[in-house]
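What follows is a group of structures, each given as structure tokens.
Two complexes, one shared chain (subunit A), two partners (subunit B, subunit C).
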Partner chain A sequence: MDSTFISNLLLATVRMAVPLIFIATAELYSERAGMVNIGLEGLAAIGSLVGFLMCFITGSAWIGILCGALAGILVNMIYAFATVTLCANHTVYGMAINIFAPALASFINRVYFGAGSQLNQIKLMDTVNIPGLKDIPIIGPLLFNQTPMVYLAFVLVIFTSIFFNRTKAGLNYKSVGEHPKAAATLGIPVIRIKYLSCVICGALAGIGGAYLTTCYSNTFTEGNIAGRGFIGLAAVIFGRWNAVGVMLACLFFGFCDALQIRLQVMSIGIPYQFFQMIPYVATIIVLSILGGKKSGPAAKGQPYRSEER
Partner chain B sequence: MKIKNLSGLIVPLLSILLAFLIGAIIMAALGANPAEAFQYLIKGSFGTINALGNTFNKATPLIFTGLCACFAYKCGVFNLGGEGQFLMGAMTACVVALLLGEKGIEGPFVCLLCLVLGTIAGGIWGFIPGILKITRGQNEMIISIMLNYVATLFMGVIYTNWMRDASVPQTLQIPQADRLARIFPKLRFTWGFAIAVAVGILMWIFLFKTAPGFKIRAVGYNMTASRFNGFPVMKLMFLSFIVSGAIAGLGGAAELMGTQFRLINGFGAGYGFDGVAMALIGQLNPIATIFVAIFFAALRVGSTSMQAATGVPTSVSDIIQALVIIFTVAGLALVKLPEFEAFRLRLVSGRRKA
Partner chain C sequence: MEKQLEEILRMEGISKRFGNFYANKNINLSINAGEVHTLLGENGAGKSTLMNILIGLYQPTEGKIFFKGKEVHIESPDHAARLGIGMVHQHFMLVKAMTVFENIILGEKHSKGLFINREARRKEIIELSERYRLDIDLDQPISDLAVGAQQRVEILKALYHGAELLILDEPTAALTDTEVDGLFVIMYKLTQEGKSIIFISHKMREVLHISDRITVLRLGEVVTTVKRGDVNGQKLADLMIGRELKPSHYEKKVVPYDPVVELKSVEYNKTNKHNGLNGVSLAVNKGEILGIAGVDGNGQTQLAQVIAGVIKPDAGTVTLNGKQIQIFDPNSFINDGVAHIPEDRNLQGLVGDMSIADNLVLKETENPKFANGIFLKRSVINQYAKEMIEKYDIRCQGYDQDVRSLSGGNQQKVILAREIESDPDLLIAVHPTRGLDIGAADFVHEQMIKARADNVGILLISADFDEVLEMSDRILVIFEGQIMGEYSGKNPPIDEISLAMTGNKMGGKA
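And then the complex of A and B:
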């Protein structure tokens, strides 16, 4: 338990938390407009594959991230159309996305690379350090020697927090999730905001997935999201629908993930799978301790029909 | 009322047609002849009596996980943990059979014991999200998904560590005498298929012909009304989670005792979500779920011979299945819209005038 162990652990915590922050913030934007989207796992899967593929073709991780976001938006538009326009059940349709998107991702992967695709690797996104600040012990490398995506994740959290709590647009946005009919009588374009929320959600979840292939591991494997979509959902509940709270929850889950990797390396003799269980078990325990106080946007998961006013 | 029931059949059929159309376009884009590919697909799944046997064999676990999802949804709870419950059943069956086998105890009795213990193990794995749902008000979807990963990893511990077959990361095969017998010796499907169909029929009778079944459906249909009527809503949800898990557990045990015989990497992977898809396309009707499962099993079995003959990758069948669910769920929502009802009425009255 020396200082390099701790600083490595913290470094890994931040890296593991970043995809969760993108995915959980995606859900936050969605639920704030009343859209409960449990299809995050699928959105991240397609973002992950498209991000990897485009990075493989173009050699640029940035293009990969961008295309991952676009893929997330495209797939989430199916969800948006079905749930907003056709009033399909959010949970059921989110599940449909969870089945559809990973199947699409693995199909594209198999068709493009053929069998044995595990060998294809890409160059990860470079880290960008901030001179001077990165030499501060422990927190220097932790905060100021990371890929730009890490900085972006934290900028996103700050922006989201200000947007929802300090701006009129943010309050209007939230009103759609709390009481869409009241919002509509005030002239807020409810349907448009619901669609917008799905665009943001798709993009962020896609970026979260693309981060995994372009910034974390340099290859795509089926099932690489490994439940992060659902842990992201848990993080939104844990963080009480508040951007900073959600970030802290993601850091906690990221810490569990980082810890299990370190423990795996250190402990010989104990089957490594027990350590891999840590993030999942932690999610269950945290949610159970937290209890199910009814909270979050009041009208989440409910269909909205403008004619019924 | 009749039209409503009819749309429940027409929407999935149209969705399947549309999905196959897109599948054909994909095949053509990959340079294959769709007509030829579909021919091999059908021949490989229903064409011969052997192929039919393979299809039923493949359908067995899908029916179990489909019924598992179906039962919980009927009571308004979302059990996404079918895969974990399936695996717990399979693991229990495998470990019990191997341990008894070491002591020289084997035979049909062990097979029965394994099936029962597998069912109980699945029920316990369904108990956890159930109890957290009713006591802590927790989101049962997240909990049950997390338990899937725990179960998969635990299975990894068994086949890579505790009961590893020498250098290969898998367990030994369970003794010959323990295995579920085939119904027809020449065909690959076992009594597991018969059990699956029986469970489906029993579930249909229970849900639609008995008083407790009615209560469960009532909770799923309108929880508030059920509570006002004095139904024990929480208890019913909890019980339905356990039963749902038990069905998946039985499925896992049957799959292990009848088809796989050992735990190995990838055992049961994806069956949980597949089951959800079957239940949703079957619109939570147990009998319909059985047919949907057989249909998609046929698609998978047939896609193997399609790949061998035409080079179209088997994952086309996954895409088609995924498209069917996307279209079906959206289509069922569409026909419920008042606008659609108005459109349909206009269509009917227009025809009457003419």
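And then the complex of A and C:
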């Protein structure tokens, strides 16, 4: 194992982790307002397709990302209306999104491109390097020679951490996920924050999906989210509902992902499927160790009714 | 002390309807600045509804509210807070995962900027807490605080948000006696500073101690408003319940030794003084009420659980209807005729999200009366539920209402109906009237007396000494998992019993 191997492994770790960071942070915003949204997989799928399609049409990866976010928001409004306004079960509607959205993505894909086998590709987002800093060995290319989306992901983590820990708005936001009735008695607009959380969640999950088609691989394939929605969900638990913790969890899962690809390439007579399992096995192990402990916002998953007897 | 009689709040002709049910009907209420005004009423008399209207959680169906002379339409709790009306809810509105400081500043709007200016906010809060002697450590998470301290946080929070009229909803329900005294000192201090307090309670002694005026509610309507000096406890109780209280003692019986259940030297986790049993021997005879007196947390919970078959004793024998028990399993105990009114009706007695009808037949789903093979006989169950609602005076909207949305007294009546109708040989009643108002408590007691007449053996476990004295034919005192002594229920030696409850014997060593 030489230093290029390690350097490449770490580079891949960051690239793999970035979509997870967007998706997991989406869930963090959701759960902090008490909304357990397991529909991330679906939101990312629709974001991924719309991002790809708009980039294909306009030639701009940025427009792709933006439209991916909008698509995520739109689809997540179904979940928001059902769970916030109609007080429906979160899991049921999250699951519905997971079934509905990827199918919708495939449908749009086939309608637009036809069922042919030709591969439609787009130009990936350019990397932007930060002069000077990118020449630092190992961490230079790792941190400072990436697409802007990578920088954005880390800015998002810092912003989120400050928002929840230092700002008044963040404190009020968190109280909605902990004790919505108490929040309401203090004049905090519970319903509005719950909807807001769904907008943020839809946007970030959509961006996470769009990243995969516009910054990572240059095409859309069905099932390209490949469980990242659920891994993102696990990362929130692993990261103890804390922005930095969630980021570290994503980097860990990203590392597992990067490692498995490299092990596949180096394959030494072991069926590659075993390596492919690594991120998922890691998820299961982590969840079974941490799953039972203190578990996040007290009122997560519970409907909120304002005039209840 | 002479207090200025300036009116701060007037509610005129307030009504609130839920479906066809009037929770409040044409209520008039006037609160003066600097007074403690008590709302007195049974559970379900409409106190909480009225306060929820005042705080903006509910909108009144009819009526007007004037605050400081101006008519107001209170749209939300936030609006109420901006007007200067703050409420300390019976179930605290505190975020357990946050600190005292965070809870107090939650939702505050008077400071500018995005970030929390901890220093400045802290100073404001500390000033306020010193002024009203609300002693509290700002950096502790709520989950680490005792109930009394949490209440002080709630009061401080309301004051911080600018409350001039404070509503305290049954603030003493969960407090110890010392904490209650502390609360009264704070209330006195608050009114001295010109704040007004609406005090909601049904504890007569406290009401007479702290109130300036008392408004009595019954069945959603105002009965009367009186000054403290003009009434006594008996009069208030009459007003509140709307009928004369029965003579306070039931007839005490002496029955021959014919045990429905007998414990011999039962031990459970015996080294634990608070949650264990150490060599308990007792017998509950047919047709008697055996009362267990004792301060809460001296093994009462474990005693009830052993006799209900929930836990298995480490040593000793339990004999039920003459048969020594080998397997401790609640289901077989139920089949052997043991009925159980558990100490926590929400955790152990009822399924909150299920209807009254379903809760009533929960134990009887195997009974051919209610089930046909694997299928439930819905119409029979519903008819039965209607009968029970009538018979046990369960006040509700219908048999399909969720029990969660019933008041505590009515929830207890559902349990009572289910347990007594199962035609038991033994009824274990643990704190059967805890949190209930006098009317509901009387009803529960009457049903127990009726069951006794049907030759049911009743084990009454209660931390309410008066209840044990009132109901029991025989009294046992439990202390640190041991039975301290047995006393007759007729003319019980109160001094001796209270002494035993604290672990001492009359004339014995300390």
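One rule holds for everything that comes next: the second predicted complex is superposed on the first by the 303 of 309 C-alpha atoms of A that agree within 3 Å, B and C clash if a C-alpha of one lies under 4 Å from a C-alpha of the other, contacts with A are read in each partner's own complex, and residues count from 1 in each chain.
Simple rule for what comes next: a residue touches a chain if its C-beta (ideal position, glycine included) is under 8 Å from a C-beta of that chain, and two chains touch if they have at least 3 such contacts.
Since we're looking at a predicted model, the values are computed, not measured.
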Partner chain in contact with A:G227 - subunit B first, subunit C second, else both or neither: first
Of subunit C and subunit B, partner touching more subunit A residues: B
Which superposed partner A:A184 touches (first subunit B, second subunit C, both, neither): second
Subunit B versus subunit C as contact partner of A:L40, first or second or both or neither: neither
Partner chain in contact with A:L171 - subunit B first, subunit C second, else both or neither: second
Partner chain in contact with A:A103 - subunit B first, subunit C second, else both or neither: first
Subunit B versus subunit C as contact partner of A:M247, first or second or both or neither: neither
Partner chain(s) touched by A:I200 [first = subunit B, second = subunit C, both, neither]: neither
First (subunit B), second (subunit C), both or neither touched by A:Q273: first
First (subunit B), second (subunit C), both or neither touched by A:A82: first
Residues of subunit A that lie at the interface with subunit B and also at the interface with subunit C: 307
Subunit B-touching residues of subunit A, taken from the complex the two chains share: 38, 78, 81-82, 86-89, 91-93, 95-100, 103-104, 106-107, 110-111, 223, 226-227, 230-231, 233-234, 237, 271, 273-274, 276-277, 280-281, 283-284, 287-288, 291-294, 307
Subunit B residues touching subunit A - in the complex, by the definition given at the top: 30, 78, 80, 128, 132, 136-139, 141-143, 145-150, 153-154, 156-157, 160-162, 269, 273-274, 276-277, 280, 313, 315-316, 318-319, 321-323, 325-326, 329-330, 332-334, 336-338
Residues on subunit A engaged by subunit C in the complex (per definition of touch): 166-169, 171-172, 174-175, 178-179, 181-188, 297-298, 306-309
Touching residues (chain side subunit C, partner subunit A) in the complex: 18, 23, 55, 57-58, 76-79, 81-82, 87, 89, 93-98, 102, 105-109, 111, 113-116, 161, 405
